[in-house]
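We just call them A, B, C, D, E and F in the order they show up, numbering each chain from 1.
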Amino acid sequence: MEVRVSRKEHFNAAHKLSNPAWSKEKNLEIFGPCANENWHGHNYDLIVTVAGRPDPDTGFVVDLKRLSDLIRREVTDKVDHKNLNVDVDFMHGVMPSTENLAVEFWKILQPKISAISRFGKLHSIRLYETPLNYVEYFGA
Amino acid sequence: MEVRVSRKEHFNAAHKLSNPAWSKEKNLEIFGPCANENWHGHNYDLIVTVAGRPDPDTGFVVDLKRLSDLIRREVTDKVDHKNLNVDVDFMHGVMPSTENLAVEFWKILQPKISAISRFGKLHSIRLYETPLNYVEYFGA
Amino acid sequence: MEVRVSRKEHFNAAHKLSNPAWSKEKNLEIFGPCANENWHGHNYDLIVTVAGRPDPDTGFVVDLKRLSDLIRREVTDKVDHKNLNVDVDFMHGVMPSTENLAVEFWKILQPKISAISRFGKLHSIRLYETPLNYVEYFGA
Amino acid sequence: MEVRVSRKEHFNAAHKLSNPAWSKEKNLEIFGPCANENWHGHNYDLIVTVAGRPDPDTGFVVDLKRLSDLIRREVTDKVDHKNLNVDVDFMHGVMPSTENLAVEFWKILQPKISAISRFGKLHSIRLYETPLNYVEYFGA
Amino acid sequence: MEVRVSRKEHFNAAHKLSNPAWSKEKNLEIFGPCANENWHGHNYDLIVTVAGRPDPDTGFVVDLKRLSDLIRREVTDKVDHKNLNVDVDFMHGVMPSTENLAVEFWKILQPKISAISRFGKLHSIRLYETPLNYVEYFGA
Amino acid sequence: MEVRVSRKEHFNAAHKLSNPAWSKEKNLEIFGPCANENWHGHNYDLIVTVAGRPDPDTGFVVDLKRLSDLIRREVTDKVDHKNLNVDVDFMHGVMPSTENLAVEFWKILQPKISAISRFGKLHSIRLYETPLNYVEYFGA
């Protein structure tokens, strides 16, 4: 029996999209206003989903307090009120598109779920850049 | 051809999380404020998804009025404005975690979908305990 | 110049509506399922609004981190994961209707705003019992 | 590596549900108020999901500005502020249930994604008729 | 002491905006796609607010079950799944703009609040035509 | 007769809070993570409310398409995907708190409403910095 359990967290950050191999003109042509050199920013919503069978002692796939603490300590505390291009170690050299952020969050969280859940594994990362735009990643 | 059709319903209920095999101290250690012996409660949102091919006469996988009536009669009328530990027959002896509620709702609804839909089968139960916490169950 | 600044917090609680001067039958007649003797519960959303002129040094009517800390310490920590009829000192002898909760929250917070805001005063308390039902109180 | 990217758009339209092979009475019996002969209407929300690997040059599975432009030009501009039974070419002879709308939107968009995305394919169409009712289609 | 109590209801309807004193061309020029002669439609959200002092016996300004029943019987049942220009008695001869709908709903509900609330009076009508557009009316 | 009509728009921007008269240490002490020197950002939601009597020819206090166009041209196009401290003329020398942004938006829009509405005046600016934090301004 498998149940999926999801926890939503949020963070606010600045970024810009800019390929260092391209001219300023090409970056503006491809990325439009997202390439604004003085940055822009977003309120991001992050939904982390863990799948597994409920522990018979607790009825939990994963304790959501512990999942929330893990996401905050390992991910959102490192990006909240930060510049994603400049301030975040694990984004150095990575274009801060929503796609790439979700993949990096997966890499950080996937190995750490077993420490907080006997039967659960990371199932997906859903990341909203705006209420109209979001991405999902399910691992390689 | 398969289309998935979803209907959202809601209910308000009290519960507490407490393993009868454990001491009061251990329950507070594991469940934290969710173990408060005088109960707490939630506004639950329930999304029931039925999958199948649309009936050529109606364009419907399932008539959403009939699906809504079924969910209310069989599930939400039995838990709305109730205590999930005390008042609900199908939760006796079951820890009222969101995971376990979703599984019990599946067991009730799964055999009853064929009575209201020619081609549809129950696909999933999604249950929000709060806007930040939800679970999904897709059957055994 | 006056600007109104609002902060949203939330809590989860159990309660029931029951007038001790009435019979069980009359309580059920008047309050319907809200009188269920084994309790029910809600996810409450609380919006606290402070009005005043922005401090010229900060651009703030009130520092929202300090307002959030105040609301949590004085109000939501005292009602979250609690039974509003049984566990909450300031609700003893008060029917826990959404109206009365909002008035009690006002009485607690109104005298404490001046400690965190040079120019601001409490303007209103908005309390959602469900996404469909809410109350507002603006002081006596 | 596959990431799913979703874009939400919306439109407002009138429709009615009515099977031309049936009497007025049978249509009212089966479709209830949805068969009202003078029409009713909805604010529809449409979520289009594209799946693929992020382009290494941009970090994008698909440029969301181009995806939004495609959805508007090919789908929502053709149904927004329209009567789905009368005004929309691709719905002629099709019952305008949410299920059938989602399938027709898929048929229009699926062949056009490759023109705006090197690695992406259409993954799903999610269509909300109301906040309580939605359908999803993943292709035949 | 005054508390404001609000209840949200919804309905789905078709309409068009068209001034019968104007040519078809002028209507299209002024109302744009809202003048589409074959109609369009919306999911409307209606929030009705009653203000007064809480009844000491119940803690209620108004029983929200009775307020909901009143709104449904007198207003939303008469416009739900209807054409606002054609099917609704109280809108005959009235342009079905959101502004005019709110005013007509006020005229219907204002005299009826005293029948369900000892101390409350109608305070406002808020009507959402879409999540981005809404109106409020507070009486003449 | 007065009706209030509201239109919601949005924009995404970067900013930081920093008083140039203060040391770096004092700015971090007062503004916390909002003073991060490499910026952070938000998805802002802006609600502009116009009050007046409906025009008898149209049923409109203000044409919402024209109000939306005005807000975009005069306000959101100038702040969207921008750095509020660096890129925005009307914010030079103004601390970009949500309070101050709302006041500046009022100053821009208030004189321009009469050009698009015969009977309406600007009533309020509501600005959400996050779903949990917002401000309102009603003019001096």
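Here is the rule we go by: a contact is a pair of C-beta atoms (placed from the backbone, for glycine too) under 8 Å apart; a residue touches a chain by one contact, two chains touch by 3 or more.
All figures in this text were calculated on a predicted structure; none of them were measured in a lab.
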Original post:
Among all the other chains, which ones are in touch with both subunit C and subunit D?
Top reply: B, E
Original post:
From subunit D, how many touching-chain steps at minimum until you land on subunit F?
Top reply: 2
Original post:
Considering D-E alongside A-B, which chain pair is linked by more C-beta pairs in contact?
Top reply: D-E
Subject >> Maximum centroid distance from subunit D, chain identifier (CA atoms) >> reply: C
**OP:** Name the chain whose C-alpha centroid is most distant from the C-alpha centroid of subunit E.
**Re:** A
Subject >> subunit E and subunit F, separation of their C-alpha mean positions in angstrom >> reply: 28
Subject >> Chain centre separation (subunit A, subunit E; CA means) in Å >> reply: 42
**OP:** Give the residues of subunit D that touch two or more other chains, as numbers and ranges in rising order.
**Re:** 131
Original post:
According to the definition of touch, which chains form touching pairs?
Top reply: A-B, A-D, A-F, B-C, B-D, C-E, C-F, D-E, E-F
Subject >> Residues on subunit B engaged by subunit C in the complex (per definition of touch) >> reply: 10, 12-15, 33-34, 36, 38-43, 80-83, 86-87, 130-131
Original post:
Where on subunit F does subunit C make contact in their complex?
Top reply: 17, 19, 21, 30-32, 94-100, 102-103, 131-138, 140
Subject >> Complex contact set, residues of subunit F against subunit E >> reply: 1-9, 54, 57-61, 63-65
